[in-house]
Structures are given as structure tokens and as C-alpha cells.
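Should a chain be cited, it is by its letter among A, B, C and D, assigned in written order, with residues numbered from 1 in that chain.
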Amino acid sequence: MKIVLQNLTKIFPSRNKKSGEEVVAVNNFNFEIPDGKLIGLLGPSGCGKSTTLYMISGLQKPSSGRIFFGDDDVTELSTENRGIGLVFQNYALYPHMTVKQNILFPLQNLKGKDKLTKEQMLDRAQEAARLVQIDQLLDRKPSELSGGQQQRVAIARALVKMPKVLLLDEPLSNLDARLRLQTREEIRRIQKETGITTVFVTHDQEEAMSISDMIVVMKLGVVQQIGKPQEVYDDPANLFVAKFLGTPPINVFRGSVRAGQLYLGEEAVLKVSGAPDGDVDVGIRPEGFLLDPQGPLSCSPLNVEVMGRDVSVVSTHPASENPMVRSIINADSGADISSGTVRYSIKPHKLFLFDRESGKRIPFEVKQHG
Amino acid sequence: MTQKSMSVMHDRDLGKTSARQKAGKALVYFGIYAFLILMALIVLFPFYWMLISSVKSLEEYRLSTPTLWPRMILLGNYAEAFTTAALGRLFVNTLIVGVVSTILSLVITVLTAFAFARLEFKGKELLFAALLATMMIPGELFTITNYSTVTTFGWINTYTVLIVPFLVSVFYIYLLRQNFLQIPNELYLAAKVDGTSDWKYLWKVMVPLSLPTLISITILKMMGAWNSYIWPRLVANDEAHRLITNGLRNAFTDTTGDVNYPVQMAAVALVSLPLFLVFVFLRKYIMSGVSRSGIKG
Amino acid sequence: MKKLVSVFLALLMMLGLCAPSLAAFEVPAEGYDGSEVTITFYNTMGSNLTAVLDEYIAQFNELYPNIHVEYSSVGSYDDVRDQVSTEITVGNQPNIAYCYPDHVALYNLAKAVQTLDELIESDVTVTRADGSTEKLGLTEEQRADFIEGYYKEGQEFGDGLTYTMPFSKSTEVLYYDKTFFEANGLTVPTNWDEMEETCAKIKEIAPNSIPLGYDSSANWFITMTEQYGSEYTSATEPHFLFNNETNRAFIKRFSEWYNKGYLTTQKLYGAYTSGLFTSTSEVRCYMCIGSSAGATYQRPAANADGTYPFEVGITTIPQVDASNRKVISQGPSVCIFKKNNPQEVVASWLFVKYLTTSTDFQAEFSMASGYVPVLKSVDTNEVYADFLSKADGGNYISALSAKVCLEQADAYYTSPAFNGSSTARDQVDILLNKCLPMSGDNVDAQIEDAFEDAIDECEYSF
Amino acid sequence: MVESKQQWKAWLYLAPAIVLLMVFTVWPIVNTVRMSLLEGYSGLKAAGGATFQFGFGNFEKVIQYRRFVQCLRNTVLLCVWTVPISTFLALLIAVALNSIKPLQKALQTIFFLPYVTNSIAIGMVFAAMFNIVGSFYGTQNEIIVTAGIINNVIEFFGGKPVNWINYGSSYMANMTVMIVYIVWNALPFKILILLGGLQSINKQYYEAAKVDSAPRSRVFWRITVPLLSPMLAYVIITGFIGGFKEYTSIVGIFGEKMGPPDDAGRLNTMVGFIYDSLSANNQGRASAAALILFGIILVVTLINLQVSKKRVHY
């Protein structure tokens, strides 16, 4: 089932009564989530991604705007009647119930024509448990399970009533690194198997990129960019998105464009025809550097970190906004930091220009440098 | 060589301190136990007194020099206590009042605490503060007015009058609300997603999770029924509805208005027994119930 | 919501404000008409006494089967007072209650107590279930049979009307160690001068003793004012008159005794002085003034063979003037409360009359309780006469006590009762105990201050 | 939190409690205010048809009482002494209990026992323990029949017996007895709360302290007390509220005269004053005194809350 968000806005009254300022948690969100896809809602904390999720779930009511499931307007529908599954960050398992009781709980609440017999319920619960591979643990209490197991129970509980929409609120943040990797594959697998439209909230861009069909990057309640993970990475709409995606993060320099030529400090690094003259922020992905003795960009290297196939060179540059410039280059290209300077040339499609004021991307046509 | 001697020295040092530490630790524990046992004796003395008094003769009890061990153990006091006070009837009455008022009181407390802990409504904070403020008013003053109220309602000498006026306890509401507040909000949201109503969530999730608090409220309430005196005496002092403490006070008066204390003590001991047993067996719950109230917020 | 609340409150407010009003009582022309009535009776009886009561209620019901008597043992006398006075405020008082004059004075604030004169004097004839008849009021003989002092107590309310009927009574008597007195050739003191001499002699014989123990200091003070004829209180204003020369003088005298080690009181001693009196150690009393109803507590614990370490003698308390003897009258009376249904009042009266004028009931109740009967004719009751004849200082000490009480029947007094009389009683109790230990050069000034304080307290709480 | 059009729903949940509170709590309070403003109001007199003037006479009468200040002082003194002592003692016991293994359960049960027993018996026992039977005053007359168990203990250790509650006892001695009794009474509840709090403190803090080799006393003051501060605040605030309502404990020891025989009313408290007025059937004065007391408690509680806001670590 597709989900349509139309001009979705959420305004919270200010907590501090004296100042009386309102907080706009989500501002005019428009998006259509295609049926059967997994969407990652991505952004730093406080960006409104959880609020969006809660509005989809019905736990919070939008201040304005509409939500559609398929063609049905569900904006006024209460959570109980939306037929969604939601997995909470800390799982929210009922501590006094066994795993089985936890999974059965949503089924016992079904009413009317959806009502199931005891056997049907048990079958469904078994099936859900099998899907998340916890069918051995049905008689345990949540406190007797590990974090990963609890997470699976929470997913099973969300899936058991066969929701049209599955919502996941930071589902992996309480797990350790290995388990996180494993579980996100699991989630991807389950989503594929069930084909449920899924919305996934996370602040971890890597997580979002790795499993989402599409990601939505948000900041301060405003959607920054929507697209397939790779597209967003390769073509960030603004400095924020560029900075937010990618590990190691993008390197940002102060630069200026003069007559179609991009300068970092006094070094002319790239022809950027079409870009207007003026000061700009320049983002260069770590993998956008090429070791090149004749390259236009010279940095003072501090350290080389060997990462196996690649090496990461940490250096400084006077025009860099961050203290360090990090480049990732092929280990074979033999970075030598003993000389005191290292010179790079830049892959043009890994370099982005942004407006100093607005942070908006400034497009340019790639020309041969030199 | 140097290294070795150093490490040896080090070891010896450790051994020394640990021996001293051990001695110190033993001393500390000795102190702790001595303190606790002394305090325990002080706490226990009145109970001891109650028990030995309950087997004394009235003459011995009235001696100007009290005896610390009864000269003669009169277990007959217990039999007398049971028959003269018609303890059977009193027990039944107290049990009826205790059980009914506990159940109703629990329901009301749960509903109210839920509203204060989970629901949003105008004036919530103000109302709660007002409730807490009522705890500061000397309760004796309520008696006069309440008495005329229940008389107007025609409730004198009924079980109703023993049960209804004290169903709402601000203290219990406070305890339970604190407990409810500590149940993570996510559970409530999860339950919403799982399709439960507030009502079902309250009884299926919050109540089971607050069981220790509810049990301690139950016990406190039962104890209240067991110990209540002034109000029952005023409003339901007929044979059919008399409660236990009242019965005790009345039954052992002899002609001079004096009280046959040993028999009364025996009766008090008899009456305390059920509460005592309940306490011993449910200590864990009472403990966690009261302490879990957590006092936060 | 708010509006609803305020309406609700206003409603309740009105409920609280309207006081129950009672129509004036008139004796119905037909007296008791035989209708079904239930009357309630608050008392302080223990189970040994309610057994006696049950028996006589059964007999009463043979005569009046439609009068249902429900009694309730409310606790102590003070408990009865508190219960009744609360109930009166909402018009829910019982029909009959045990009372002391102070209590009636309190109930009178609400004008809740039925005056009995109309009933006592009524000539209406009432027919009983067995066909026999009785006069609703008291007959000449019945009236004359009451011990005068006890009967008068019901009229001490300043207006000469009768508010209560005596139920069972006690007084104070002097207990003394007869064995000791005889062994040492001592005579039992009959007046306070003799008391002083006796104490001095005992102190010589047994230096570690406290010759006299007096349980109730309040009784002592009030009795002394009666014996001296000095003022204590008045039922009409000004109420509190006890700060006068005579009273200060006797207090000063007793304070001197106290400082010589002659006496102690229950408050000063810290326990009932009967404990000192029955003690067999050398620290003990040889005389003790206490309630006649507590005789069994004045008897020392029996030896293994059933005999007693010493014989107890009982006599009238010392007097100021042998020709004008005064002893306090204590113990419960009963009062009847006003009710809207006159039949209830008449039925209550019939029941009260039945109990208070029945020689048999009075005899049996007295033997069970240790109190003395309120009727002179009780000695015609065989069982009671037999009981009295056995009077001794050992097993039948209660009989001895009762006998002494009956012999001093002419000496009973009661003090005026009014709202505040119980405060006066409390205050003179405190006063006496406060003054006894005073010594030194400025005793007079100290005593005067103490008296003024006591009057202040009385006036304040009045 | 789910925003709700559930206003009415919340009120539905509250309805039973509110109705009962209206009738049995709010109305009595309103009535108290009413009675306090009717000069010399007495329920009995009202039942007899008397009417009363509207005014502040009751309040004046309360404040003018020559022992009003004494009542107030006693109440305040008892609070100021008993609350800190009982809290500290309860804290020590709770910490001690929490630090031992063998006998812990048994001792816990013992310490909570007073919680489930009839208060009639306890008061009688305490009075007997402190009671000295005998005559004092005047050297010739000084005869002690029994000095009471407490004095027996004092004498055993070579001390002189003290006249605690009897004739001629000093105010200090009286207060000491009251403080001991009230503290004893208050202990179980406080231990219960504090021990519960202790057991919910994360053990890691103590392990960390051990690693830092902090001495016991430092651990107590710097870790236990701050982490327990919410419970301590609760115990102290309720202790003060209870302390201002002190009455029955004094009756338990001294009887309704509220003082030793030679100075009745010496230990009277605010609530005692209210009772005195009630038994003198002067509900107007009792109501006025109760409202004054309520005002005092309210102020003290607000101060308490203010202090704890600064000191309590949640």
C-alpha cells in the first residue's frame, strides 16, 4: 500500500510557557511512499523524522496536512484503526508477558470481522515467530532475552497482525555493532519477504543507505532531499545533505569562483564553468582525491591510516573548514607523507559547490582541469 | 633481581593491608550487627510486652512494679478474649468491610492514578496539587461534617457508611501515580499500535506491572479496616456491623469503666496475628511496592 | 462542571445549616398506646452486666412486648458523651443514655434532653400486655423509695426541673488496714484533724510509709468545698467560684501534710494508690480513699491458702463537721432524649422506670457491678440482704463497701452541672496536684497564682 | 503523548474519586471554613436553635489563648527534633540493613513490625517504660516504688534515675520522652522507604567508589545520600506534615491532660488544642485553629519543596 503525505505539518506548543515560542517539528512534508518499498527517514536528532513516523502511525495528529494510505484519508483515524505495525527504539515489550503473549497481544485486540479463533491466533504467532527466528523462545519473559532477541520479538509483534504498513523507530540503535549489521540485513529480508510498505527512522546514514529503497533526509522539520540512496549520495541537494551522508564525511573547504575557475585559497583546482563568481563552500568526498604529483591541491600530510585495500591520508589545508582533510586512495598508489606535502587532483563528479549563504548546491559543467 | 624484590615487597605490603583490612572489616560488621540488633530489641520490646501482658492475671498486670516475665502464664486469657469479644462476628464484619472497601478503593485508585499519570486534561497539575494539599489538613475536622452528611444520607449502621467515605485515599493515588509514571511511555504507544483502548491498556498492562504497589495498597487498606476506631464507633456501633477494634474496646470494660488489659492484650495479639502473617508472607511485595513509588516527579 | 460543583456545594451547605427541630413534648392522653417502638439505650456495661440487663429486658417485654429495647455498650462514660453529643447535632440521638450531670449539661445546649417532671407526675394509667395496669408516673412509695441524694442529682441543673433518673451509684469510702490499725491500737479517723493525728502516728510507726493515698484529687477538692460549705461552682453565672479563702486554706493545709510525707494522690504517685495500699512491702499506704465500686482492687492478693495478708476495713471518709456529713455521689444516671414520636419518649420512660424502681433489678445489678443500688428497699431483697450480711474485709469486700455506702445515704451531695462544669472538675484536679508539693516561704502566693490560672483556664474554655 | 479530544474521557476516569472527594473532603473543608467564621459556633447549640455572628472572633480567641504560643512551640520543637533524628536513624538502619547478608530478611521484618500492629498497645507500653511510680518532691517523701525500665537501665550503668513524665518532671525530660516515642513510631515507614530506595540504587556507583578507594563515610555522604535524595525529601516532607499533626502520641504517654500532673497542657500541640475545643463543643474555635494549622503546614511544606528543589537529585 502506498502512503501519501500531503503538506504534513506538526507544530508543538512551546514547553517554556514564558517564551511562548512554538516549535515546528515537521514543516510541510509532501511525499508519496510507493507500495512495498522500504523508506529510510534520515536526519540528526530533532529533525522531525520520529514525529513524521508518529504521525503516520496516528500516535500524533498533524497540525495540518493529510495522510493517505492508498486512496483512504487516514488523517483522522486513530492508531488502533490504521492497521499498522510499529517497532520502538527500546522495543516496548510488555515485561509481564511471555514472548508468546506479547506476540499474541495485538491479535487479541482485533474486533469484528477480523476476529480470529484461538488456533488461528496461535498459528499466526508461530508464523511471525518463525519469520524472525525466535520460535524457540516463546515461553520466555522479555527480561530473559538478549537485546537482539528482544528486537526480533518486537518485530514479530509488529508483523503478526499483517499490517499494511510497518514503521520502525530507530530499531537498531540499542544493539551492538555486529548485531546491528546482522539485524538490518534481517529487516531487509523480512521486508522483502512480506512486501510490506515500511518506513524506517534512523540517524545513522550508513544504516539508511544500506537497506532503504529510498531515503528522505530531514533537517529541522524540513525535508532536504528524497531519492534513492546512491542518487542522494552522488547528487546532494545541499551542503547539509552532503555533509550528513558518507563515511568518512565529506571534506569542506572555503573556496571562491573567479571566471569559471574554482580556487581553494590561491590554488586553482577545477574549472567550473557555469558557476557564478563569488565565495562558495566546496565539498570534496574523501574518495574524490587522486594522488597526483602535478595535482593542483597541495596538503600537508600528518598521518596515513591503512584500511586494507585503501589508505586514508589525513592532512591539513589552509582553506579547509575542518581541522583535517581526509582522503581515501588506493593503497597501491603509494602515498608518501615523508616529503611534507602531498598533491592531489580532484575527480570532478566528487566535488560539489554550495552557496555560502543558503548552502544550496551550485551546479556547474565539468571541464577538463588545467 | 631488583624487580623481583620489589614485587615481593609489594606482595607483602598487600598482605599486610589486607590483613588489617580484614580485621577492620570484621570490626565494621560487628558494629553494624550490634547496632542493628540493639535497634531491633528496642523495636521488639513493646511486642514482647504485649505478649507477656496477654498471659498475665489482671492483678499481676496492675502491680506497681511490672514483672518482666509473668509469674503465671494464663493462656485462658486468649480463650476469654475470643468468647467475650465475640471475635468471630467481629472478624467477619471487619473482613467484609476490609475486602469490599479494598476492592472498590483499588478500582478508584487505579482509575484516578491512570488519569493523572497518562491522560491529558485541563487543570491536571492544579487538581493534583489540590489533592496533595488535602493531605495536610488535620483529618479530625472532617469527622464532624462527614457525620452529618452520612446521617442525611441515612447510612448510619450500614456497611456502606464504613466503606464509602474512605474509598478515596490521596496517598494511594499518589503512590500509584508515581508507579504508573515509571512505566515507559513506549508501552502505551505500543499498545495503541497493537489496537488496545486506554481501558484495556490500563487493566492489561499497567495494572499487572504495578502489582507490588497494588498489593501494598491492599495491605495498608486492610490494616486500616483492622485499626479504624473513631469513625466506626460513631457511625456503625451496632452488633451487626461493629468492627474489631471497637469490639475490643467495648468488650473488656468492666463495671468501673476499667479495662481488663491482659484479656484485651490477648485480643489485640489475636487480632494482629492475621496482619502479621500477611506481612511476613508478602513482605517482598510491600517492600517493592512502597519503595517503587519512587517519589520521583 | 464548575457550575455543577457550586450548585452541589450550595445544596450541601443548606443541609448542614438546617438544625433538626423538635416539637414540644406533651404526655399523650392515653399514655403508652401499645404501638411498636424501638428504643435505643447507650451504656458502658461489660458483658457480665449486659447479662443482667438482658434478663430484665425479657421480663419488661412480657409486660410490653411491642417496646423493643436495643442497647449498645459504647465504651467509657466519655465515649458515651462524645457519641451522643455528636449524634444530637444531626438529630440522631438515642432514646436513653447513661449519663453524668456534666453530660446532661452539654446535651442541654441543644435542648435535647427530655425533662421528666411531666412524666413523673402523670396520673395516666397504662395497660400492660397481661391486662394489668400501672400508673405512668411514679407512685408515692416509688418516689419515696429513692435514696434522696441520688434522686436530687437529677435536678441540679439550675432550673429545678428533673432531667435524669439515678441508675446505679457509687461514692468514695475510706479503706484502711484493719489488721495494722488493731495491732497498733489506732482508731479510724472520722474527721480531718483526727486524720492528721493518725497520719503522724503511722509515720512514727512506719517511717517509710505514706499513710494516706487519695485516688481522685478532683473528688477530694470538691468534697472539701461541700464539707466546708465554701463555694465551688454555680449553675448560673458567674460559674467558677472556687478561688476563695477557705479553699486556699485547706489546700495549704494538705500541702503541709504532703510535705511531711503523710499522703499522696493517684496523679502524684503515678498509679492507682490502691497499688500502694495492697502492697506488702514497707513502702505502702495504710489508708486509701477510693471509689466504693473498686473495693476488690483494695484487697491484697490472696495467700496460697486463700487467706489475705491483712483485713481491710471500710468506713465513711473523714468529715469537717460530723453533723453535716458530705460524701460525693458518683455513678451513672440515665436521661431520656426528646423525640418527635411521643410514644418513643413514653416507652423510654416506662423502661427507665422499670429498671430504676425494680428492687430485684437494682439488687442483682449492684451485686454484679459493685455499685450500690439507688433504692432503699433493696435491703428487703432476700438475695441482697444475704449478700450484705456476709460483708467482711476479705472475700465479701464488695458487700462491706455497699453496706458502708447504704449507711451514709443521707450524706450524698452532687455539684451543679452546667456547660463547663467538667472543665472546672478537670481544673481543680490539676490545681490540687499542683499545690500539694508547694513549700517554702511564698507558698501562699504560689497557691494564689495556681488558683488564678485554674480560673483563667475555666473561663477560657467556657 | 497522544493528544486527545479525551478531556471528557479523563474526567470519566476521575469521576468516582471526584464525587467522593467532593462529598467527604471538599465539603468538610468548606464547612470548616464556614464554622470558623461563625463566632463561637457549636454544633450542639446550633441543634438547640442558637444563631451565631459572622466574624473573625474564633481566630482572635485562638490566638489570644494564653497557651497558644506554647502549643505552637511544642509542635514546632517536636518537628524540629523528631524529623531529623528519625530520618537520620532510619537512614543508618537502612544502610546497615542493606550492607549485610545473613539475618537481613529477619531484621527487615522486625523493623517493619510496628507498621502492622495496633497502636493502643504500643502507647501503653511506652508509658509504662518511662513511668516512675512513687512520690517525689520533698526529701522526706522521696520514695520510689518502681523507677521504670528506662531508669533501671540508667541505674545499671551507674546513672541517676530521671523523672521522665511524672510529677515534677522537667520540660526537657518530657520532651525527651516524646521525641524518643515519636522517633520510634516514625522509624518503620522511613526505613521501608529508604531501604527500598537503597536497593534500587545501581551497584555500579559503589563499585566505582571502591575502585576510587573512597572511604565509607565519603561514599555515604557523597553517593548514598545524594542518590537517595528523592526518598529523603519525601520522608522529610511527610515527616514534617505528620509532625505538625502530632497529638495521639502525646495522649499515649501523658493522657488527655497533655502534660505531667502538675502542669497539664504543658505538652499540648496544635491538634491537641483543636481537640480541646472540640470536646468543649466549640467547633467554631476548633475550625479556626485547624485552618491556622493548615496555613502553617502549607507554608512549611512549600519551604520544604523549595529547598528540596535545590538539593534533590533526580
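The criterion applied here is as follows: a residue touches a chain if its C-beta (ideal position, glycine included) is under 8 Å from a C-beta of that chain, and two chains touch if they have at least 3 such contacts.
Being a predicted model, the structure only gives us computed values, none of them experimental.
Asks: More C-beta pairs touching across which pair, B-D or C-D?
Replies: The greater number of contacts lies at B-D.
Asks: If I average the CA coordinates per chain, which chain comes out farthest from subunit A?
Replies: Result for the farthest chain: C.
Asks: As a quick test, compute the distance in whole Å between the mean CA positions of subunit B and subunit D.
Replies: 17
Asks: Using mean C-alpha positions as chain centres, tell me how far subunit C is from subunit D in Å, no decimals.
Replies: Using C-alpha averages as centres, the distance is 37 Å.
Asks: In whole angstrom, how far does the Cα centroid of subunit A sit from the Cα centroid of subunit D?
Replies: 59
Asks: Roughly how far is subunit A from subunit B, going centre to centre by Cα mean, in whole Å?
Replies: It comes to 54 Å between the two C-alpha centres.
Asks: Show the residues in subunit B shared as contacts by 2 or more other chains, in ascending order.
Replies: Only 64, 144-145, 149, 189, 192 qualify.
Asks: Pull out every residue in subunit C that's touching 2 or more other chains.
Replies: Within subunit C, the residues that touch at least two other chains are 12, 16, 86, 89-91, 271, 275-276, 279.
Asks: Give the residues of subunit A that touch two or more other chains, as numbers and ranges in rising order.
Replies: Touching at least two other chains: 59, 79.
Asks: Spell out the residues on subunit C that touch subunit D in their complex, using ranges where they run on.
Replies: 1, 5, 8-9, 12-13, 16, 19-21, 82, 85-86, 88-91, 106-112, 208, 210, 258-261, 264, 267-271, 275-276, 279, 281, 283, 419, 423, 426, 430, 433-434, 437, 439, 456-457, 460-462
Asks: Could you list, by residue number, the parts of subunit C that touch subunit B in their complex?
Replies: 12, 15-16, 44-49, 70, 72-77, 79, 83, 86, 89-92, 271-272, 275-276, 279, 291, 293-294, 297, 301, 368-371
Asks: Show which residues of subunit B lie in contact with subunit C when the two form their complex.
Replies: By the definition above, subunit B touches subunit C via 59, 62-64, 84, 144-145, 147-149, 151-152, 156, 233-234, 237-238, 249-258.
Asks: Name, in rising order, each residue of subunit D that touches subunit B in their complex.
Replies: 1-4, 6-7, 9-11, 13-14, 16-17, 20-21, 23-25, 27-29, 31-32, 43, 89, 92-93, 96-97, 99-100, 103, 105, 107-122, 124-126, 128-129, 133, 145-146, 149, 184, 187-188, 192-193, 195-197, 199-200, 216, 230-231, 233-234, 241, 245, 271, 274-275, 278, 283, 286-287, 290, 293-294, 297-298, 301, 314
Asks: Inside the complex, what are the residues of subunit D that reach subunit C?
Replies: Listed in rising order, the residues of subunit D that touch subunit C are 11, 22-23, 26-27, 30-31, 34, 42-50, 65-66, 131-138, 140-141, 143, 145, 166-168, 257, 261-265, 276-277, 279-282.
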